[in-house]
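Okay, structure first, notes after.
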Amino acid sequence: MIRRRLDAAGTWLLAGTAALCIALLLGLLLLLLRAGLAPFWPAPVIELSLHDGRVLLGEVVSSEPDSLVLRGSERARIGDAYSRVALADIAMRTQPPDALALQLADGRRLFGRGDEAAVLAGALAPARVLEATRPNADGPIARIGLFARAAARFVGTRPDASALGGGMLPALLGTVTLVLLMSILVMPLGIATAVYLHQRRGFLARSVRGAVNLLAGVPSIVYGVLGLGLFVHGIGAGIDRWFYAERLPVPTFGSGGLLWAALTLALLTLPVVVVSVEEGLARIPAGLRDGALALGATGDEAVWGLLLPAARPAVLTGLILAVARAAGAVAPLMLVGVVKLAPALPLDGTFPYLHPSRQFMHLGFEVYDAALASADAIRGVPRAYACALLLVVVVVVLNLSAILLRNRLRERYRALET
Amino acid sequence: MPVNPVTCDALLSPDLAGAHARARRRRERVRRALVGGGTALVMAGLLAIPLFLLAGLLPWQGLPDDAWQRLGVLAAGSLRAAAFAALVAVPLGLATALFTAHFCAPRLRGWLKPSLEMLEALPTVVLGLVATATLAPWLKTEVATLLALLVALPAVLLALAFAFGARVRRAGWLPLWLLPLPVALVAIGLALGARSGTVAIAPANPWNALVVGLALGVAALPLVYSVAEDALFLVPREQAQAAFALGATRWQALTTVVLPAAGSGLVAAVLLGVSRCLGETMVVLMASGNTPIAGVDPLTGLRAISAELALVLPDTAPASTTWRSLLLAALALLAVTALLNRLAEAVRARLRRRLQGLPA
Amino acid sequence: MSSVTPELPPAQASLRASDDGIALRTESLSLWYGTRRALDAVSLAVPARRITALVGPSGSGKSSLLRCLNRLNDEVDGCRVDGRVWIGDTDAYAADTPVHELRRRVGMVFQRPNPFPLSIGDNVAYGLRLHGVRQRRELDERIEAALRTVALWDEVATRLDDSALDLSLGQQQRLVVARALAVEPEILLLDEPASALDPAATLRFEELLRQLAQRRTLLLVTHNMQQAARVADFTAVLHQGRLVEFDDTDALFTNPRQRLTEDFITGRYG
Amino acid sequence: MSSVTPELPPAQASLRASDDGIALRTESLSLWYGTRRALDAVSLAVPARRITALVGPSGSGKSSLLRCLNRLNDEVDGCRVDGRVWIGDTDAYAADTPVHELRRRVGMVFQRPNPFPLSIGDNVAYGLRLHGVRQRRELDERIEAALRTVALWDEVATRLDDSALDLSLGQQQRLVVARALAVEPEILLLDEPASALDPAATLRFEELLRQLAQRRTLLLVTHNMQQAARVADFTAVLHQGRLVEFDDTDALFTNPRQRLTEDFITGRYG
Amino acid sequence: MDRLHLSQHISRQFNSEIDDVRRRVLAMGGLVEEQIDAALHVLIERDAAAATAIRDRERSINEMELAIDERCTFILARRQPAASDLRLVLAVMKMLADLERIGDEAKRVARMAERLLGDEGSADLTAALAELGEQARGMLRGALDAFARFDGDLALDVMRRDRRLDGLYRDLNETLVARMQAAPERIPAELERLWCARSLERIGDRCKNLCEFVLYLVQGKDVRHSGLAKGE
Amino acid sequence: MDRLHLSQHISRQFNSEIDDVRRRVLAMGGLVEEQIDAALHVLIERDAAAATAIRDRERSINEMELAIDERCTFILARRQPAASDLRLVLAVMKMLADLERIGDEAKRVARMAERLLGDEGSADLTAALAELGEQARGMLRGALDAFARFDGDLALDVMRRDRRLDGLYRDLNETLVARMQAAPERIPAELERLWCARSLERIGDRCKNLCEFVLYLVQGKDVRHSGLAKGE
C-alpha cells in the first residue's frame, strides 16, 4: 500500500510540474497579450485635484501602492510632463467628459478641457495633429475603433523621428524580408548537403557531417561575430574596393546590411536544415529505394524523384526550425546591420526593389532598444511589449503556415512511417 | 494483357529512345553538380567560423595583458547564468517530458507537446523583455514569495498525492486538474506578501542572476523538454506493455524499464540545455545588468561573454586589441558549446543505436 | 455470417458443466473501442493445463479478447468492456480485484519478442522484483528455474549479465516466456508469439509451448491455422467479434460444425 | 552438410539440356559479403513460364541469390559476385550490359509492400516514365492493363489519383506487382512477398502468382514451406549458400532425394 | 451439385485439382461398371468376344487407380487439406482400392465365365447369376451416384441393398451345392459358378464399403464395422 | 531402428504420434497374427475352445483399425506431414484395410474350421492346410517385420514367397476337387476346406499388399500392379 502511495506521489509530482509548465505557458501568453495590446487601448483622461489646490490633467501611466505617475500635456518636447503624485495628496479624482486628448505627429500628447484644448493645440502644436479624441466621452464601440486605429497605425506606418512614437512598418518588413531571404538562401544549400550526406559514405561525407553536427548548437552571437568580421569587414569591404570605389569612404557593402544579416542567419540555420532533412531521408523505408532501383531507376533518380518528395514533411520541419531560430535571433543582427531607425526600407518601389546592402530595422531589435535604450522609459516599455507581440505574431504566422502544410503532407505519408 | 516482348525504350522510335537515354544522363550530371557544389559551399561556410576566429587571433602576442582575466570574469558570468537557468529548465523540462511521454492522455499530449515546442520558437528577446520589464521589478520585492512558492508547491502536491493519489487510477489528465494549484499558490503568495508589506529579501541589483536564471530557464525549457521527450517516446510502447503485463504500475514501468532505456537521452537533453544557456545572448543582455561581478550570489548582476560581444563588438575597430580579445571570448564560447553539443550528440547516438536494437 | 448460432457450442457446454477443469471463463464478454464493437458476447471456457488456440480472420478481435483477460485494455483510451471474466474464482473486473496481482496470475507474451534493455538475468528477475522478491539467493534460483523451463539455461547460464538484446529472436522470445513464467502465472496468454520467428525457431517454440502446457493453461492467438492445428488441444474460432466455434482441435480440423469455420480453415473465403 | 553433392541434381541437368525452356540460368554463382561467403557455386536453371520456389533455412542465401539476378547487390557495400548469370541470352554481369535495362527485364517484388508515396496511377506509371514512355494515352492504357492483370483495376479504377498508401496491405502488394509488370519484365523475382499479408490475402496473392505464371517466369523466395508446396511448379532448396536440391514440387514434397531437403520440409533439424 | 463447396477455394488450382480427382474417380467408376457389364455379358450372353477388351480395361483401371492415388498424395503433400477437403481426399484414396478390387472381381467373373462357355448349365442358374450381377451392378452405380452427388441418403440406401444381395448369394450357393452333389462330374463347372457368385457377392460388399466412405466424406462419421446403425 | 529418422522431429509430440501409430499398427498386426494362429489351431488341432476368443479379437482388431485410421487422419489434418512422414501415414492407412481383412479371413477360416470339427478329413489334407497356413502366417510375420524395420529388402523377400503359397493353394485345390468328385456326399466339407484354403491364399495376397506399402514407405515407389519387377 505504501508502495502504491509512493508511486502516486511520484506521478503527482510529475503531473504538478507539467501543470506548472502549462501555467507558465498560459501566463506568458496572457502577459504578452495584455502588455502588448494595452498601449493601443485609449486611456481615460483624468483630472486630479490636489490638497494643495493644484489641478492636474493627464493620463495615468503607472500606479503603485502609494503613488501614481501622471503624464500631462507635453509642451516643449516628448517626455517632459511626467509627474509623480502621492495618493495621499489627492483630494479628488474625476474623468471630465469634455476632456480632449491630442496626438501630435511628432509623438507628443496634449490634454485639455473644452476649448482650452483647441487653444493649446493652436499655441503649442505647430506640428500636425494626428488625432483628437475625447476618450472619457467615447462609448465602448468608439473605444474599440480607436484601439483598432492605433494598432493599425502601429503596424502600418513608419516611426516618428524620436522613435518614441509612430508605427513599426519598416521593422516588420525588415523582419519578414530577412527571414524570407534567409530561407531562400538556406533551403537549397541545406537540401543539397542533406542529399549528399544521404548518398555518400566516404571520408568527405563523414567530415561534412562532423562539421554540421559540431556547429549545430553554436550560439548565434558567434555567428554574428563571423558575419561582422568576415562578411562585413572582409568580403563587404572587398566588394566596396572593387566595385564601389567611387563612393568610398562611404561604405556600400562594407557595413552591416540585409544581405550580410541574411547570410549570417542562413549559416546559423544550416545545421538545423541539414540534420532535419537528412533524418527525414533516412527515415524513409529502404524498400522505397530498392523498389525504384528494381524498376531500373538510377540512385539519383530514386532520391530526387521519390525519396526527397516523400521527405517533404522533414524538409518543412527543417524550414520551420530555421524560421523559428532566425526570426528570434537578434544578437547576431546587432553586429551585422540592424539599426534602430533606418532611413530607407530594404524593399521598395525603386529598382532593383530589393536592396541587399541597406541597413534595416528588425522587430526584435526594436524590442531591445525600446526596453533598454529608450529616451522615454515610460513610453519605451509598453512600446517594447507591442513590438514583442508583433514579433511573436510574425513568428507564429510563419511557423503555423509551415506546420499546417507539413501536417497535411504528413497525413499523406503517414502510412510510409509504420 | 498482351505480353509485349519489345522493350519500352524500343516502343519509341530508335532515335527517340537514344534521346531519352541521353537526356537521362544529362539530368544525372546536372544533379550531381548541384549537390556537389551546394555541399562544398556549405562546408566552406561552416569551416569559416572556427578558421576565421583562429586567423583573427593568430599573432598571440597582440592580446592585451588583461584579456585572460577579463575573459575569466565574463566566463564566470556566463556560467552563473547558465547554472541558474539549468536549475529551472532541467527539473521542469525533464519532469514534464516524463509526464507527457509516459502518463499523458494522448489527446492532452497532442496539444501540450506542440505548445511547449512552440515556446522554443518564442524569440528570446521577448523573454528578455519580460525579464527586464516585468520580472525584475516584481522580484525586487518578492524574492521571499518566490522561495515560499518553491517549497509550497511540491509540499501541497505531495500532500494531495498521499491523500487522493491512490484513488486516481489514470493520471492522463491530471495536469489540467492540478492547473489551479500553481495559480492559486501564486495568488496566495502575492496577497500575503502585500499584506505583510515588508521586503524580506532585497536583491542588490534588480537585474541579477536570479532574474536571468528564471528567464533563461524558460528559454531553455522547450529544448530540454523536447529532446528528453523524443528520447523517452522512442522507447517502444511494447516495452512498457510488457512491464504492465507483469503487474507493474505505470510508475514502476517508467522507473524500471523506460528510464533505463532512455536515460542517456535525458543526459543529452541536459547537456544541450546547458549549452544553449551558455550562448544565449538577448536574455542576459537585457536582464543581467551587465555588471562584471564575479561570485555565486544569485542576487547580484553579471556580465556574460555573449552580452559583451553584442555590446562591444559593433563599435570596435577590426584588428584592434579589443577586437582580438573579443575574438578570443567568441572562440572560447564556440569551443565550450561545440564540446557540449558533441558530447550530447554522442550520447544521443548511443541511445539511438541501443533503441534500434530494441525490439519494438 | 447471420447463420452463426449465438448459443454456446456443445463442447463448451460440457466444459462448463464441470468447473474443475476450467482455468478461465468469459461470460458474454463484449468490448467497444469508442462506439466500435470489437467483441460481441463472447462466452468462452478455457480448459486448464491445455493449449487453447484462438483463430480467426484479421480484425476478428483475437487480440482484443486476449487483452481483456489480463485487463491490459484498461490502458487503452476509450475502451469499454461489458460482461464477466473469471480467472479461476476471481472476477477480473470486480472493483476490488487488484489489477496488478491479476496480471501476475495471467502472464502475457507478445507478437514481437520484447525483452527489456536489461541483462538476461534482470529480465527474468524483473517480475519477481516487482512482486517483492528481493533476496539474491531466491532470485537466482527462480531465474534458473524459469530459464530451464524454456530450455534456455544451457545457452545463457554463463552470460546472465549480458544484454538480453544480443540474443537471437528465437532466444529472445524464449526469454520473454521465461520472464512471464518467473512470477508463476496460472495462465499464459500468447498473441501470435511465433510470427516474428523463422520456421525452425517456430517449431522449437511450439515444442516449448507443449511442455509448458503440462502445468499451465495456455491461450494462444495465432494467424496461422497450421500452428493452431499443430499445438492446440482446443481451438476457438472468432469471426467479427463473435465466437463461432469451440472444439477439440482434432475434431475442428477434420469435421468442423460451422460453415464459417470450415471456410476459414480450408481457405475458402471471399 | 558435407554429404551434399555439389553436382547439378538430375532434374536440373535435364532442364539444361533443352535451353528453350530456361528463362534464367546461373553458372556456379558465388557471392561474398566482405569475406563472408553467402552463395557457394550455385548453378540453377529456372524454367520459363513456371513458378520456381526458392526455400531454405534462414540465412541460407535465398535473398542474396535473388538480388544477384537483377544486380541489386551492386548497391551493397562490400558485396562481390563470381560466376555467371544468364537472363535469356544476356550475360547479366558482362561489362557492357546496361544495368537499368537489365532491371527492367527482371522485375522484383519485396517482402513488405513498398508502394511509392504517389498516386495509384503514378505508381504504375513510374517505371514506364523512367523508360521513356511519356504520352498520356499510352500511359493510361498500360496502367489499366497492368492493374487488370493483378485484378486490382475494378477496385481502384475510380480512384487512380488517390494515394497508394491508403490501400490495404494486400492491395498494396498487388499494386507493387502491377508496377513491376507495367514495364513488361520477362522474369519476376519475389522475396517472401506474402509474409506481411494475412492468411486470406496470402491465398489471394498466391492465386495471382499462378495466373502470372501462365505468361511469365516467377522466382519466389519463401520461408513458408507450405506456400512453396501450394504455388510452385519447381522447388529449389538452398542450405548454407549451396543448392541442395532442385525438383518438381510434387516429387520434392513426397519423395525428396536429399536428406537435408527431407529434414527441412518435415521440420527435423537441430 | 457441390454440397461440400469443393469449388469455392480461393485457389483456383486447388479447386481444379479437387475437381479433377473427383471426375477421375467417376471415370474410373465408369470403367469398372463397364467391366462388370462386360463380365456379365460373357457370363449371361456367353459371348467370348469381350475378353480382350476386359484385359485392356483392367489395365487402365489399374493405371487410373495409381494415378488418382498419386494425385491424392500430391494434394495431401502440397495443399494441407483440412475438413471436407481432407475427407474427400482420404475417402477417395480408400475408395480407389475398393473400386480396383471390384474391377478385379469383375475380371475374375469374366475369366470364369469364359471357362463356363462350353458348359450349358441351366436357364435358372443363369437367371440367378444374372440377377446377382444386376444387383451388384446396381449397387455400384448407386455408390458412384452417391459419391458424385455427395448424397449420404443415397449411400445408406445402397448399403441397405447389400442384404438382398447376400440373400440371393446364399440361395444360389445352396442350389449349386445341391447340383454338385447331384452330378459330381459337373463339380468343376459348378465350382466356377460358385466362384462367380461369390465374386458378385464380394462386389456388393465392396460397394457397401464405397458407400461407407461416401458417408464418411459427407457426414464426417466413420461407419465401418458398425454397419447401418451408425450411419442413420 | 529408425531408418526414416521418424523420431527426429523438432516436435516431440509429432515424434510420439508417429511412433504411437507405428506401435499400434504392430500391435494390431500381432493381434492379426494371433488370429491366424488361433484359426490354424482350430483347423489343425480341432480345438473349438478358441472360437469365442477369436470373435473378441476380431472386435478389437476392428476397433484398432478404426482408431489407427482416425489417428492417421488427425495427423494429416494437424501435422501436414510431407515426404517420409506422409508416406508413412498413407502407407499405414492403406495397410490397415489389408490387415483388417487378413483378420477377417482368419476369422472366416476359424468359422469354417469349426464346421469341419465333426469331419475327420485326411491327415494329408490337414497337413496341406497346415502348410498353407504356416506359409501365410510366415508371410504376415515377414511383412510386419519389414514394416517394423522399414526394411525394403525383407518386404521384397516376402513378396517373392507369395508364388509358393499360390502353388500350394493350386495343388490343394486340385486335390479337393478330386476328393469332391470321388465322394459327392462330402462336398460341403470339402467346400469348407476349399474356402479355408482360399482364405489362406488371400491372406498371402494381402501380405504381399502390405509389403508393397512398406516398399512405398521406404523407397517412395508405388509398386502396385507392376509386381516385383519395379520393387527390385
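Observations, loosely collected:
Order as written gives the chain letters A, B, C, D, E and F; numbering starts at 1 within each chain.
Basically, a residue touches a chain if its C-beta (ideal position, glycine included) is under 8 Å from a C-beta of that chain, and two chains touch if they have at least 3 such contacts.
Predicted, not measured: the structure shown is a model, and the values here were computed from it.
Rounded to the nearest 5, the angle that brings the Cα atoms of chain E onto chain F is 180°.
Comparing the chain pairs A-B and B-C, the larger number of C-beta pairs in contact belongs to A-B. Between chain A and chain D, the centres computed from C-alpha atoms are 59 Å apart. Here the CA centre of chain C is 48 Å from the CA centre of chain F.
Taking the mean of the C-alpha atoms as each chain's centre, chain C and chain E sit 51 Å apart. Residue numbers of chain D whose C-beta contacts span two or more other chains: 101, 104, 127, 131, 183, 200, 203-204, 225-226, 229, 253-254, 267, 269-270.
Chain A has residues 298, 301 in contact with two or more other chains. Counting only residues that touch two or more partner chains, chain F has 9-11, 14, 73, 77, 80, 82-83, 86. Across the complex, chain D meets chain A through its residues 70, 72, 75, 77, 100-104, 107-108, 110-112, 114, 116-118, 126-127, 130-131, 163, 165-166, 176, 179-180, 183. Those residues of chain A that touch chain B in the complex are listed here as 1, 4-5, 7-25, 28, 31-32, 35, 65, 188-193, 195-196, 199, 207-208, 211-226, 228-230, 233, 256, 267, 270-271, 274, 298, 300-301, 304, 323-324, 327-331, 334-335, 364-365, 367-368, 371-372, 381, 384-385, 388, 391-392, 395-396, 399, 403. The part of chain D that touches chain F in the complex is made up of residues 225-226, 229, 253-256, 261-263, 265-270. Against chain F, the residues of chain E that register as touching in their complex are 62-63, 65-66, 69-70, 73, 76-77, 80, 82-83, 86, 90, 93-94, 97, 177, 180-181, 184-185, 187-188, 191, 194, 222, 224-225.
Here chain C touches chain D in the complex through residues 57-58, 198-201, 203-204, 223-226, 267, 269-270, going by the rule given at the top.
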